[in-house]
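Dropping the structures in below, format is structure tokens.
Note that chain A is present in both complexes that follow, paired respectively with chain B and with chain C.
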Partner chain A sequence: MSAAPRALSRTRAEVAAGARELARAWRPSATIVAACIAAAALVPPALGSLVRLDALAATLYLGVAALGLGLTVGRAGIPSLAQGAFMAIGAFVAAAIRDGDHASVLVAAIAGAAAAGAAGAVSGAGIVRLRPVFVAVGTWILSWLVAFALLSFPSLSGGVEGRPVPQGELAGIALTPRAHYELALALVVLVAGAVALLGRGAFGIRLAAARDHTGAALALGIRVVRLRVAAFAVSAAVAGLAGALAVQLARVADPTAYGAFLSFQLLVAVLLGGAAATLGPLAGVLALSGISLAARVVLLGASGERWNPMLAALLLVVVLSAGGAGIVPWARALDRRLRPGAPRSRAPRTPRATPRPKPIDGVKLEADALTKRYGALAALDDVSFALAAGSVNALVGPNGSGKTTALRLLAGTQRPDAGTVLLDGRDVTSLPTSARVELGVVRTLQAAGSFRELTALEHVLAGSALRRGYAGPLRTVARTPLARTEEKEATERALDVLAFLGLEAAANVRAGELSGFEQRLLMLAAALGTEPRVLLLDEPAAGAAATDLPRLARIVESIHERGITILLVEHDLRLVRSVAARVLVLDAGRLIADGSPSEVSREPAVRAAYLGRRSLA
Partner chain B sequence: MRRAAGLALVLALAGCGGSGTKSSGGTILIAVNAPFSREPALGNTIARGAELAVSQVNPTGELVVGRTRYGLKVKRYDNALSPQRAVENVRRAIADGAVAIVDEGTGIDASWQIARDANVPICITYQGGEGLVDPAKRPNVFRIAPTDHGVAFRLAEYLIPKGLKIALLHDDSDYGEEGAVALTQAFGRNPGSVAARLTLPSTADDLSPQVLRARRAHATALLVWGRGPTIAKVLLAARAAGWNVPVYTPPSGEDPIVRQQLADHPSWVDGLTFASGRMTAELGPSAFLNFQSLYRSVYGASRIDVETAAGRPVLQPPDYAMYSYDFVHLLEAALRAAGSTGRKQVLAQLNEVVVQGANGDERGFNLKSHEGVVDDDVYFARFRDMTFRPVKDDPLSSTLPVIDQTG
Partner chain C sequence: MSLALQVVVTGLGAGGVYGLVAIGHTLIYRLTGILHFALGDLIGLGVFSTLLVAAGTGAVAQPSVGASRFVVALAVGLAVCAAASAGSYVYAIQPYVTRGWTLGWAAATVAVAFAIRTTLQAVFSRSAYVFPDPLPFRRIGREGFVTVAGASIQVRTFYVIALSIAIAALATLTLERTRFGRALQAVAADAEGARIVGIPVERYIALAFAAAGAVAAIAAVAAAPSAPFDVGAGTLLGLKGLVAALLVRFGSPIAAFAAGLFVGVLESAAAGLVVYGHQLGPQWRDVVPLALALLLLFARRPRFAELVE
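Right after this comes the complex of A and B.
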């Protein structure tokens, strides 16, 4: 078979596989959404003379920008108040490019999206590191800056009169209001689909993990800042695209139309519709437009638009005081209440027959003269030890003895003041956490907590994304054959990990619905998802009931059997005795004992460190 | 009985032919696109002029187009001084079936093509920007209002011989930007008379820094081209600093908001001189006074909430209302002449018909000129005691009568 027919045959097979995948993923809610899209597509031929298609198209373009913002607010947890500013950038870049009708609409739209995306990347690099409240303030200031810039540079913005935009064509079709409506509708479908795929894919899962528990996400090697900047830039690019096309519809780039209120309105729409739901932002925009229209027609008359900011602020207060979930989540909750027997989209999985644990080559981890000081206090003072490949070791000591500091230095969360960390003989002291996770050194956190909004399966996928080569945003959205195959394999492996920990039945259950101990196991599952060679467990038994300890001990044993090197920091000495072959004891930052549990328990220094009241026996 | 039957037959026959056969064709919509929310005085003045003309046509029931009798209707669309809103309004007006649009001028650069594609004429009745009207490129755009070009050249012609060093100030509104272009052309041959050129931010609360810069440039007169609030802020800044410099403006100087914002300091308005299209015709003031009387009988006198020193309320003459009033009558004539409500035919007839305007002058357009106010009709008026009267040191203005503006 020659190359062309082979490619054709393969394409057919992939399309069929994609269709099967779509059919498998189809839910009743998808039928409702498809019916709404079909109904919306029929508006121009059926109601074209009765409705204002230009106003509907403008609303849909706003919906596109809101869908992009949903990714930032809902998935990444970044409360951006700059989406209107990015729309403005897209609009004015497109208007400038279209000036004199020298460039096509497509070129202008792409340039508008690219400019807004670049602006998003640059501003995001500074903003996403801030706490949410400062993110809101920072982005709000950005919105004002763009608005002021537009008014201050009339040579760029056209001043108060704006920049006129000639009517254009797309693929030979004149962009009339009707054509814009159809284009905007298609764009809504495409962007909503892309956001849904991104949210479900590794990109979205890691974003959500970083949103729910930044520290735990960092410990898994997730590059939180880079990921958030990417989400912010993608969201800005979507807003820029919406702005670039909306300005073609408006036929004028009007600086007064892109004030800071637009950003506020978009954020309110996202929260009103439900930031967590893919279609929530669109529902919010439609609801906001409907309420505004009704208020104008019924209550306030033609000048009612002046009241829009107040109306939006009022709606925001209502949504927040009602829990902040938004329309789409509320509708889902109502549906669940009205149809208690209806199948859930996240049904529990049936347990797998046999987990298939993958053997791993554990590696040797060494600490050589590690020292860490906080001012005058030596948290860790010249501590050296070596963990043999595939061994189970425990690091114990009284509170404040330096155990967690030692784990942080080994995991790369902190840099030592002196000393080195060697992994299989290689000096990794200067490597950041993410690089060490890639090399196989993973730490679980001391504090209880999980990625509350992620399912058990997504916890493991958040960790395993590190090992995937085709999980980038573009491949995720394009659903390339390689990305699909890899995703399927990653899911299988993740289910194996869950089965290994006895959590497979909870694969599709959100972490927030699980017990505290199960949530701790989830973080262990996420760590195992990264395919570690050295596992640093920081108090895994903290908060566990006495009845859970044997299960935890069996799990640690099983991990050991897979060949992974383990360093366990634990206060529960029963667990230490049952799993660790070797115990290291720290006191006041110094290593005071090193040996088997029985050897160590006989050390006078250890007894003294434990105030002489408790022994390891 | 037989006579009665015969009379009935005659009436019935009469009803079947001649003028009695006219059927009712419904309503012809005229859209008014103006800043009702942002500048209500201007928006209402424009709309009322159009509504007044419609109110004259409808009661007679005699707008017969072809063989069909029509009523006229005016619908207001608020552009809020936003070009995007103005374009949306033009789309809405066309969708609503408007046969013509009376427009304040905002957003015309973007909206005229949309109206042209639907063969809908737009008549600007306030803004005078030079590029707004161009019969060759924008065949559907007309204007009945003084042009910036005419106002600027008349101001230059009036001020340069006085030997003043003029600071040319304009705000960053579309009105101001257009005016700045016209002033640059008008004063281009006499750069020595220009002391400074400054842009005023229309959103600023205090224009003292800009006024101070003009003073430091040794200006002996200010020519402020901006919307009413900007002019008020310049006067406030100059007079508060004790600078009694003469101030000249385009037609926006007669905007009631200037006097309203300076109501606490009426003497600061004294001496303010503006250029505008003359209200009265060569034949005398009677036509305008009749129009003013008609206007006041319908809408009442336009009190602007300031008083003269003698405590008499100040009234605003409906000078800008007469422009929209005149356009509606031109449209009426075009409809009649076209014999059809087809937009294309009406648009073509607007280049042909002529009517007598509210001030007695003839109004009309042709294929080469879509300007309803000629540049020579620009006059100057100066405020004193919150009312204005034509100046005496300009040949045209000195011949014009004073229109009483007190209640």
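Right after this comes the complex of A and C.
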């Protein structure tokens, strides 16, 4: 068989597989969306002069920018007030390129998106690591900076008149209002699909994990800053694309149309429609334009456009005071209430056979003369120990004795002032957390709660993402065969992890709806998702009911049976005695005892420092 | 030399007002941990309310308003500004600060800003307004200008600078010496502790919001007759004050005021700055301070991992 037919048959198989997958994933809501797209494509053009297609197309381009912002605000939780500024960058770069009609619309659109994306990456690198308050401040200032730059430099923006944009064509089709409308609609569908895929894939899961609990996400080896910058840049590029096409539609790039109000309007649209739903921002833009149009027709007359900011402000107040969820989530909640029997997600999976987890080669982890000081206080003072491969060890000590500091140094969250950390003989002291997680050292946090909005399954996927090679944003959106196969395997493995912890029934339940203890187990599940060889557990039993302890002990035991090296920081001595073969005792930053539980409990120093007059036995 | 003097004095005149706005931003940030994006527009609301009572919405000749009517107008303007500012805290900020929801208060304060701006634009539809001046500065020197060391300077600029400094000093004294001021400092240090010792925290914060708006509005009203004034001017004041407060990282009120003066001089000088043999020109005056604030914000690199756990 020659290459071409083989490629053809493979393609055919892929298309068939894709169709089957689509059929499986098809839900009633998909029918509604498909019907809406079909109606939007057919009805307005058929109405002729009754509707202004150019105004509709402009609204849809705004919707594209809002869909991009939805990724930043919703999945990433970045309160951005600068989306309009990125739209402006795309608009004016495109207008400058189209000046004199030397370059095609396509080139201008790509350049606009690229320029906005680059601006988003640069400003994002500065903004996303700030606290939320200063993220809001930074994006707000950015928004005004771009607005002032446009107004102050007529050479860039064309001044009050704006920059004229010549009539253009795309792929040989003249860009009439109708062509723009169809293009905008296609773009809305594409961008919404891409945002949905990104949000649901490993990219979005990790973003949401970092949003819900940044510290726990970092401990899982998620490179939070890099991920957020990527999300910010992607959403800026989408805004730039929308801006570039919007000026082509308006035939002029008007600096007054790209002020801070545009950013505000887009944010209102996202909140109004619902940041948590992919289509929320689009619904928000449509609602905002619809209400504005209705207000002009009914109340204000032709000059009513200047009341748009007031209208947006009022709508925002309404949506905020109603809790801030937005239209699409409200509609879903209403639908659930009206049809209580309807399944909330895909049908429950068929029960699985209890998996036989594959054994893991635990490795040796050594701390050599670790010292960490906070000012004059030595939180950890010349502490050395070696954890044998596959052993279960407990680290105990009074409050403030340096246990958590020791775990942070081992996991890479903090660097020691002196001493080294050796993993299987290799010096990893200078490696950041993410690199250590890749090498197999992962830590769960003390009293971490969970990633509230993620399902149990997504917790594990957040952890396992760093073991995947084809889960990047581009492959996720393109749904390449490799990415799809890998995703299926990752899901299977994640379900195995949940089954291992007895959480399989909760796979599609959001963590916020589970009990406190189950949420703690989910963080353990996420850590196991990274396929660790050394597991550092910081007080897994804290806050657990007495009845949960045997279950926790069994879990630690079965993790041990898989061969994973375990270091457990724990106050509950019943748990320590039942699982740990070796106990290390810290007091005021120094290691004062090291041995089996019964040996340690006989040490006078331990009794004096830690147990008072009571004995372990 | 004469040009430099003119640049500095003009800059200080604008900067005095920015400084008072910066004090307001600092106070608000220290009390609530948030920033009020509508502070400038609230000040604009105070200025235009004063104008409405003093001279209506039509064209105004500068000397046309008598002192007594102006005092009434100023009182009304400040009352409106203070009430709106306190109201914005109670209705647009406090509910979201309690929930720790950044997006909520950020969007709500911006909404307040645009609501005020839209309303003002509807009432004051001309592109620029001349503000009445009850004080007879125009009789001093040549039409209100004097020549100092070769530089021609508007006399009222000195008045605005002196008044701003006086108000800033008064504000600092109030914060340091009075019972109310010390109570606010207690709230800023530990709101929960302040509540326990019996300070009515929410009421005091609302009062501080009212004061933050009104104090800056006094200076804005004093400065307004110096140049034509439009509806967007309040927004600009808020932004410049924010930039100044950011420059000193919401430090002491005195530092914030000094930073305001610096921003005023910076933007006044920006036009004359020469970069790589190229004079920047007046179009840079709004862009330079904002860009500087953004760069400073970006330069601030907290050690991320340790910050979040």
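In the analysis below, the second predicted complex is superposed on the first by the 605 of 617 C-alpha atoms of A that agree within 3 Å, B and C clash if a C-alpha of one lies under 4 Å from a C-alpha of the other, contacts with A are read in each partner's own complex, and residues count from 1 in each chain.
Heads up, the rule we're going with is that contacts are C-beta pairs under 8 Å (C-beta built on N, C-alpha and C of every residue); 3 or more make two chains touch, one makes a residue touch a chain.
Note that the structure is a prediction, hence the values are computed from the model and not measured.
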| item | value |
| --- | --- |
| Chain B versus chain C as contact partner of A:569, first or second or both or neither | neither |
| First (chain B), second (chain C), both or neither touched by A:138 | second |
| First (chain B), second (chain C), both or neither touched by A:52 | first |
| Partner chain(s) touched by A:229 [first = chain B, second = chain C, both, neither] | neither |
| Partner chain in contact with A:81 - chain B first, chain C second, else both or neither | second |
| First, second, both or neither for A:407, with chain B first and chain C second | neither |
| Which superposed partner A:214 touches (first chain B, second chain C, both, neither) | second |
| Which partner, chain B or chain C, touches more chain A residues | C |
| Residues on chain A lying within both footprints (that of chain B and that of chain C) | 306 |
| In the complex with chain B, residue positions of chain A that touch it | 52, 54-55, 151, 154, 159-162, 164-167, 177, 250-252, 254, 256-257, 302-303, 305-306 |
| Complex contacts: residues of chain B adjacent to chain A | 36-37, 76, 78, 80-85, 87-88, 91-92, 95, 106-107, 109-111, 113-114, 172-174, 177, 202-203 |
| Partner chain A, residues of chain C touching it in the complex | 33-35, 37, 92, 96, 101-104, 106-108, 110-112, 114-115, 117-119, 121-122, 239, 242-243, 246, 283-287, 290-291, 293-294, 297-298, 300-302, 304-309 |
| Of chain A, residues touching chain C in the complex | 73, 79, 81, 123, 125-127, 129-138, 140-142, 144-145, 148-149, 152-153, 214-215, 218, 224-225, 261, 264, 267-268, 271, 275, 306-307, 309-310, 312-314, 316-317, 320, 324, 413-414, 433, 445 |
